[in-house]
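Reviewing the structure listed below.
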Amino acid sequence: MAPASKLMSLSEAIKQYVPDGAEAVMGTSLETLIPFAAGHEIIRQRKKNLTLIGPISDILFDMLIGAGCVRKTRAAWIGNVITGSSYNFRRAAEEGTLETEDHSNLTISMALKAGAMGVPFMPAFTALGSDLYKTNQSLKKITCPFTGILLTAVSAINPDVAIIHAQRSDEYGNAHLWGNLGVTREACLSSRHIIITAEEIVSPYVIESDPNRVITPGFRVNAVVHVPWGAHPSPVPGYYNRDHDAFIEYRNDSKTPEVFEKWLRLRVDNIKNSDDYLRLLGKERISKLKLRKQMISEPVNYGY
Amino acid sequence: MAPASKLMSLSEAIKQYVPDGAEAVMGTSLETLIPFAAGHEIIRQRKKNLTLIGPISDILFDMLIGAGCVRKTRAAWIGNVITGSSYNFRRAAEEGTLETEDHSNLTISMALKAGAMGVPFMPAFTALGSDLYKTNQSLKKITCPFTGILLTAVSAINPDVAIIHAQRSDEYGNAHLWGNLGVTREACLSSRHIIITAEEIVSPYVIESDPNRVITPGFRVNAVVHVPWGAHPSPVPGYYNRDHDAFIEYRNDSKTPEVFEKWLRLRVDNIKNSDDYLRLLGKERISKLKLRKQMISEPVNYGY
Amino acid sequence: MATDTAEYTLSELMVTAAAREIADGEVVFVGMRLPLLGFLLAKRTHAPDAVGVYELGIVRDTPAPEPILTMGDLPNLFRAKWLSDTSDVMGLLQNGTVDVSFIGGAQVDRFGNLNTSYIMNSGKIATRLPGSGGACDLAGLAGRHIIIMAHEKHRFVSKVDYITSPGYGNGAGWREKSGLPGGGPSAVITSSGIMKFDPVSKEMLLVSIHPGVTLRNILDNTGWPLKTADTLEETPVPTEHELKMLRELDPDGYWTGR
Amino acid sequence: MATDTAEYTLSELMVTAAAREIADGEVVFVGMRLPLLGFLLAKRTHAPDAVGVYELGIVRDTPAPEPILTMGDLPNLFRAKWLSDTSDVMGLLQNGTVDVSFIGGAQVDRFGNLNTSYIMNSGKIATRLPGSGGACDLAGLAGRHIIIMAHEKHRFVSKVDYITSPGYGNGAGWREKSGLPGGGPSAVITSSGIMKFDPVSKEMLLVSIHPGVTLRNILDNTGWPLKTADTLEETPVPTEHELKMLRELDPDGYWTGR
């Protein structure tokens, strides 16, 4: 009746559940709730030969690639949403040191959905006629057994670990996540392990007051980590806005391997915890990102 | 900027969106939120040759079959959850006046999911080895193009209309629904038309305060009907408990065609509106079903 | 058939035996009616960390705070761990997360195939039963499943008229050939005894007889020559604690017929 | 290429032209960057009842209350009509609910195929671009789609190095043969003009030239002999109202480069 707490440090969670060579799905809400803090810890631990899975990733994958952690990506888009291409990804792909499996947002969501549903593939109409077939072995053409029409079969992806940033979680892995959900629900259900990083750790009672808000059943979650501002510079509904400047700065800080090395040292390796991170960010910037306009959800009742 | 209100009477909604011969999906939350009031209006209008689609239906389908509205069912289970078999269904199926397509809960949910995703089928491992294949033309065996293993392909269902009971809706069809969701999300997305019956009609501001709670995009909804107690005797989270006695009484009131005719007259045909219905139900019963213990959801913030 | 004693009813014995099939910490896909009660009893006794998954889109790991008759009763949603879609929880079943499920049945055969759809009589429908619900899914996809039903001759037939929920088909190798990922039935708990399945032939095997029931009685109420295990046990009766818990869960005896 | 005038920038002209392609009441699948701005402008001007669907799981029918740079900016979630899964909104796209979508591109060819993945040079990767995102889905599945991009010779090539987002492939009948349900590109809006597609041959056709741009200039910046419509129009300039709205949406000129 008293299950074991899954609360641990970020360093411990990454150590335990992201071994070298792991397949990790991250950035599952697309432009929001990107688990940057967890990604930085992966870099600090200099994990090797990871496969990164996700729809668009918005610079997180670029950082991990630049730090030398990544062997392969299975993604729809890797870049910097407001500035375009990202440099580490370009360099690695153009030099041939990175293997890429080219998805669309629909194919990656179907791959994870197949994994979540426990079937080896899902059908879709996308990618037909495209060259994604040339650079993605997870796609095959099939014909519908009922109508005879052509479809794309997308092979299931079952990542070793899903790394999810949520707004609040209890210590047992029951987490509330709100805003756009992206592919988060299927990413959790398809993955063998789940790490939740959360803005706040709350009592189970808070979570149980709204079970529809729970992103995935907590019994399948392995690690819960308290990381305030853990998705910065991406936005977290209810907590902070997107830090556009950080994305623009990163563009400049990743233009060459040399400046990127400096960035890595300053912004990642030298950071020991959330406090360090926030100190470097600075009070003024933090306060600029905070919510200025509130919109509180109308309550609902789960009584009996 | 000021879209047209979709509020209308129950009679108008059923007249417009449930023509004779229509395929209607109902009872999509399984044992909760069953749209009984809408079903009763279909009976009052003596619609003919309907195809009823849904997972378990818990006596609603039995009523419609008994009233002569139904040509065919595409369902996983038709009965009375706490008493077992239901009589009108048995009679019609045994006499051969009802066509039945036998689903499981997973196959019906995949059929609607395929419809929602706009693909002609979805794969699953269920039904293999079962005789559902003999009595359901929507199932075919396929092999996975990647692994070569055997699967069931479930043909898409795109109903003409989804009839959904929700807790609250604005007049434009943006509705909050909470509790277990069953196959409601896919039923809405797969259907050509949507009727929402709701316990309460609220301002758009209430709905927009929590967009994650919206069950389906309102722009696809065609009719919104205010029907307090519209799911009785099934339970509605936040509003009222299940009326077990009504299910037991119905068992007795449907044992023979003769007693069922009496029940129909008294409980359906003679009812003109919610007030009539509640009067017949009686104050004591109503108060017994109301929530005695509250559980209010912890608010979340959608500000910026 | 055994008659009820002063201490417990047959249904109480069945539910208790069913509950004991759940190990602590297991993920259980809970069916409606008697299986629902069996799961709740296990939670209250030896399996407090078992997790319940319900087909209508519920995951919860505590018993509902009040007695419930259906899994959709509001107390079963109260402080649930997850409220979600049917397809999500069916995904948990299909992707191997569910250890065990429980199914009731109207007709079962020697290889544990269940029929809850059609009882036939010379090629015509004699009785139309409600159908699968989630039973076909549970039987096909759970790690193992347990069948609970009344032990009557017309229910225990050599071959079911219609396979709603696959057991072992026609015996060894059938599930594999059919492509079913789940393990199949592990026990049949009836009003007279408990049956398991021969690990090789996959045929049903009587292993335990309820107190007050005779072997003769069981064999007479089984529509094929039922094999018996080398040593037949007597089904342990419900403990006082189990009975107390069970009666809290079903205070009016709706399911357990007191 | 035309140079910016005092009144409006080229980007503003492009965004305005894009916005005008949206009819009121249409369901629009909104891509990132310039397309996002085009949709917001249409909402604020002639298409107030257009509904925006965003791939990250958002449906909204009012403009965000503050300028946004990405569709995931919190103002775009504020009072949204629906927050949901990517697969849900991709379902709306795939099941025919979406009328029109907008796509940016790095390389386009005479049949409107788009490349945002690989620029090749003698069989080797010269430039690795970010990839599809949702573009491949939008191009394949929306009722029609509109392409927005800079008009430069290295971008307008006879045949793209890689089809990320299918247009009309190699011409008439190709989409049908490929099995694509969506209608294909209906317009290409560039920094120099507007192109549509020949209804029979599916080849790109210049229909409108931006003020200050010459036909010669466009032809010189197109990597194949670009066909022109019988009567070439001059692209209407943004109205004052459009410019005012646009500048409210992009007050710092982040996208429209003032």
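Should a chain be cited, it is by its letter among A, B, C and D, assigned in written order, with residues numbered from 1 in that chain.
The rule is short, and it goes like this: contacts are C-beta pairs under 8 Å (C-beta built on N, C-alpha and C of every residue); 3 or more make two chains touch, one makes a residue touch a chain.
Predicted model, so just to flag it, every value in this text is computed and none were measured.
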Minimal step count in the chain contact network, subunit A to subunit D: 1
Comparison of B-D and B-C by number of C-beta pairs in contact, larger one: B-C
Mean-CA-position distance for subunit D and subunit C (Å): 58
Cα-centroid distance, subunit A relative to subunit B, in whole angstrom: 36
Between subunit B and subunit D, centroid-to-centroid distance (C-alpha), Å: 40
Between subunit C and subunit B, distance of the C-alpha-averaged centres to the nearest whole Å: 28
Numbers and ranges of subunit D residues touching at least 2 other chains: 65, 73-74, 77-79, 83-84, 87, 90, 93-94, 141, 181
Interface hub residues of subunit A, defined as touching at least two other chains: 117-119, 124-125, 149, 151, 178-179, 181, 185, 208-209, 212, 237, 241, 291, 293, 295, 302-304
Contact pairs between chains, per stated definition: A-B, A-C, A-D, B-C, B-D
For the subunit B and subunit D complex, residues of the former touching the latter: 1, 3, 115-119, 174, 185, 189-190, 208-209, 211-212, 214, 216-220, 302-304
Subunit C to subunit B touching residues, read off their complex: 32-33, 54-58, 65, 69-74, 77-79, 83-87, 90, 93-94, 117-118, 125-137, 140-141, 162-166, 169, 174-175, 178-181, 254
Subunit D residues touching subunit B - in the complex, by the definition given at the top: 27, 48-49, 51, 59, 61-62, 65-66, 73-75, 77-84, 87-88, 90-97, 141, 181
Sites on subunit A touched by subunit B in the complex: 117-125, 140-142, 144-147, 149, 151, 153, 155, 167, 176, 178-179, 181, 206, 208-210, 212-213, 237-238, 241, 291-304
In the complex, subunit A residues that touch subunit D: 29-32, 55-56, 75-79, 81-82, 84-86, 89-90, 93-94, 96, 100, 102-107, 109-110, 113, 124-132, 134-135, 149-151, 178-186, 234-235, 237, 241-242, 244, 291, 293, 295
